[in-house]
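Both complexes below contain chain A, partnered by chain B and then by chain C.
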Partner chain A sequence: MELIILLICGGLTIITSLLVIFARNTVHSALWMVASFFFMAVLYLLLQAEFIAILQIIVYAGAIMMFIIYAIMMLNLRQEERAPMRKTKVVGVVALLVLFLELLVVAVGRGLLAIKGPVTDQLMAKFGHIAVLSNFLFSDYVLPFELASILLTAGVVGAVILAKQKSE
Partner chain B sequence: MVAYHNLYLALSVVLFTIGAIGAITRRNAIVVFMCIEIMLGAVNLAFITFGRANQSVDGIFMVMFVMAVAAAEAAVGLAIFILMYRKRGTINVESFNLMKW
Partner chain C sequence: MEMLEFVVPALNVKAILPQAILSLTALTVLLVGVSSPHNKKTSSLGYLSLVGVVVALISTLMINGARESAYNGMVLMDGFSSFITLIVCIVTLLTILSSINYQRFFPRLNCGEYYCLLLFAAVGMSFMGSAGNLLMIFLALETMSISIYVLAGFKSDEAQSIESAMKYFLLGAFASGFLLFGFALVYGCTGTMDLVKISAFLTAHPEVIHSKMLMGGVALMTVGFGFKVAMFPFHMWTPDVYEGAPTSITGFMATGVKAAAFAALLRVFFVALGHLQADWTGIMWLLAFLTMTIGNVVALSQTNIKRMLAYSSIAHAGYLLVGFVAGSKLGQSGILFYLLSYAFTNLGAFGVIALLGRDGGEYTSLDDFAGLGFKYPLMGLAMAVFMFSMAGIPPASGFMGKFYLFSSAMKAGFIWLAIFGVINSVISLYYYLRVVVVMYFKEVERDVVMPKPSAAVVVGLVIAAIGVLQMGIFPSYFWDMARQSVQAMLM
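Up next is the complex of A and B:
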């Protein structure tokens, strides 16, 4: 059962991601991107990361894509004209395909060998996903958590300052 | 129960490559930005897979912080695109040469 859902959603994620990079219209790209994020959220659910699946939909499909669509609406974009690829770009694509094969061999050809941690599925099922996560978040990960809030504040202030129209 | 971790990792590699190819071939800065988001999503999938395979929550926290950084990046990046559009009238990445010498 997991395999069937994995193959369907994985295939749809790949197809929608390809449509993002091949769609000529930027708004269509953005909408395919939303679909891709939703299918990826299903994959997170399959991996039993419910909290991340919810965050994926709220933060990525909700907030970030709304940002992008607002930006597209504010910029009067023409359709990208087709032009022959430069030689450097062709070299880049070939290099990336080589990297792809290398990664595939390493990722799929070898097993995942590491010491297993304490957080088993049974523990998650016993206490609940969010309860287990929050225990770690507010003890081991409290410093990165606070730093992330500083980063987000700095990001918001920076964005406002950058995009503010100078009144002269 | 069989776990399909290798399939998830293969999917992550495919998505990363799609994002990277899009980022170097497209010219529209917003599409390049979305391709970077695809690459971040692929990395997130790999993190979650590793975290689950090793029975650890570290993967999930890495993904949470990647999402926080992506949100901050989206805010600042799109503000920069709007600024560039005002200055140049286009957001074609090949016409950005302000920092080129």
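Up next is the complex of A and C:
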């Protein structure tokens, strides 16, 4: 049962992601992205990560998507004009396909014996996903957590200064 | 319901002292800048951030020698991280000194946000040197990169600066994607992101070493790091970005980003993936050769000095890769020595270039330097010293740096790579010395731009020149420091 859901949702994630790129209309592309985020959330659920699945929907499909739609609206983006297929583009497509094939080969490689981490299904079933996640976030991963806050501060300061200077 | 026990983590302040000081300074500068918005004439913000960097520098020297892993392996406090933090502090110091002068031509740069982002970038850089976990490396790299994307586009009234920021941002985000994908594959293969544990896992499971997944991860990581150090074939962005960015930031990008990216590269490849050394050496050999050759050959035909130095920075990445290919402790120490020497040299050169400015414009064509050598003898002398150092002529530090790098390659058996390195240095003589020739022997055709030095930039140039000469004439002190740093690297 789980395998069937995994295959269906995984396939739909890939298809909707491709539609994001190939849709001619930018608004359509944004809507396909929402669909893609939803299917990805299902994949997280299958991995027992219900909190991340909810965040995926609230933060990405909800908040970030709103911003993207706003940006499209403010910039008044029309349908893109079809750019002529140039030589560089052909090279790019070929390189992309080669990379994609390589990754397929990598992904098919079997026999993983990686170290098992401390977060197991049993642990999450016992305490709940949020408890386990927050415990690790504020103990073992407290420094990356702080560094991420610096990263976000830098991003906000940068975005404000670039926008502010333009309006002056 | 049973509760999960929360163990309060041990907060080892000592391990992150320089970074913490830099972050606090950044926030202070930001707040001070907001509370005094109309005071564009003074350079108090610059001096305030300068104080923070000096304190961070002193704290780095004080904790130097400590050797421990903190925050559950997230931070490796060892000689290596101290050396990188030292380079980052010096780079930031010289950049701020140069910016204080440069912002007189571009008042837009004189704001809290500029210095705040500069300091945040420094935090990211020094964490890249001390990170012991792939997660930390990625976060540190992004902190550095995002700050620098914005700094490159800070002159937002100039199309060239915007183009520079946009190009760097798009390609940089793309490269970060490759890096992250590489990290993910390595994590998938080994089950841990801790560099030391990855190495231990590979020792225990030698059959994983040649799995396709790990190889794929290493290849993708090479792309990500290669972009940041401007390695061939990921160097295309360098000239446009360096030319468009404010000159004070260009020097910062060329030296700081290179130092941080090489630090992370060394840590990941030699600490975590040391078992794969035989596999990557061949590829890196070729890339080192192509990087230095292409950088030098294209630099020959440049007439804009910022573009010329951009190609020269690609060539220097090639020289540094020679030490990487050698792979020995000697090669790694050579890289550290060269990074410090390059920081002094390059920031000195960009400091001189940033002197030539007038309200809202800068003069970066080679012809703008005509006749300046005799008119401003000290400035000309400083520029000549920096150019000699880049070309690798004794007694400047660039010579010793190249000597250590190439001799480590010779000792490791890569004779041809060392020979190609020397040939490349000879090629590069042409365009470095051309700057000196133009300064001293070229007739002045139009009215000369007067350099307008201020006290800050003079101090900065003097520090850079002393650094270059000191490292060139008495290299043993710095060489011992670099060697001990590599010896003390936590494995």
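As a convention for this text, the second predicted complex is superposed on the first by the 164 of 168 C-alpha atoms of A that agree within 3 Å, B and C clash if a C-alpha of one lies under 4 Å from a C-alpha of the other, contacts with A are read in each partner's own complex, and residues count from 1 in each chain.
By definition in this document, a contact is a pair of C-beta atoms (placed from the backbone, for glycine too) under 8 Å apart; a residue touches a chain by one contact, two chains touch by 3 or more.
Since this is a predicted model, take the numbers as computed values, not measurements.
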**Prompt:** So, A:I8: does it touch chain B (first), chain C (second), both, or neither?
**Reply:** neither
**Request:** For A:I115, decide between first (touching chain B), second (touching chain C), both and neither.
**Result:** both
**Asked** Is A:K126 in contact with chain B, with chain C, with both, or with neither (first, second, both, neither)?
**Response** second
**Message:** Once chain A of both complexes is superposed, is A:L137 in touch with chain B (first), chain C (second), both, or neither?
**Reply:** first
**Prompt:** Which partner does A:M74 contact after superposing on A: first (chain B), second (chain C), both, neither?
**Reply:** first
**Message:** On the A-aligned overlay, A:G155 touches which partner chain: chain B = first, chain C = second, or both, or neither?
**Reply:** both
**Asked** Which partner, chain B or chain C, is in contact with more residues of chain A?
**Response** B
**Request:** Please indicate which partner A:L103 is in contact with in the superposed arrangement: first for chain B, second for chain C, both, or neither.
**Result:** both
**Shared chain A contacts, counted only where both chain B and chain C touch the same residue** = 103, 107, 111-112, 114-117, 132, 141, 144, 148, 151, 154-155, 158-160, 162
**Complete:** So, in the complex, the side of chain A touching chain B is made of residues 2-3, 6-7, 10, 13-14, 17-18, 20-21, 26, 29-30, 33, 36-37, 40, 43-44, 47-49, 51-52, 55-56, 59-60, 63-64, 67-68, 70-72, 74-75, 77, 80, 83, 85, 89, 92-93, 96-97, 99-100, 103-104, 107-108, 111-112, 114-120, 132-133, 136-137, 141, 144, 148, 151-152, 154-156, 158-160, 162-163
**Prompt:** Tell me, which parts of chain A touch chain C in their complex?
**Reply:** 102-103, 105-107, 109, 111-117, 126-127, 131-132, 135, 138-144, 147-148, 150-151, 153-155, 157-162, 165-166
**Of all residues in chain B, those that touch chain A in their complex** = 4-22, 24-28, 30-31, 33-35, 37-38, 41, 44-46, 48-58, 60-61, 63-65, 67-76, 78-83, 85, 91-92
**Fill in**
chain C residues touching chain A in their complex are 1-4, 6-9, 11, 16, 23, 27, 30, 71-72, 74-75, 108, 111, 113-114, 116-117, 120-121, 123-124, 127, 133, 135-136, 139-140, 142-143, 146-147, 149-150, 153-154, 156-157, 165, 185, 188-192, 197, 201, 205, 208, 211-213, 215-216
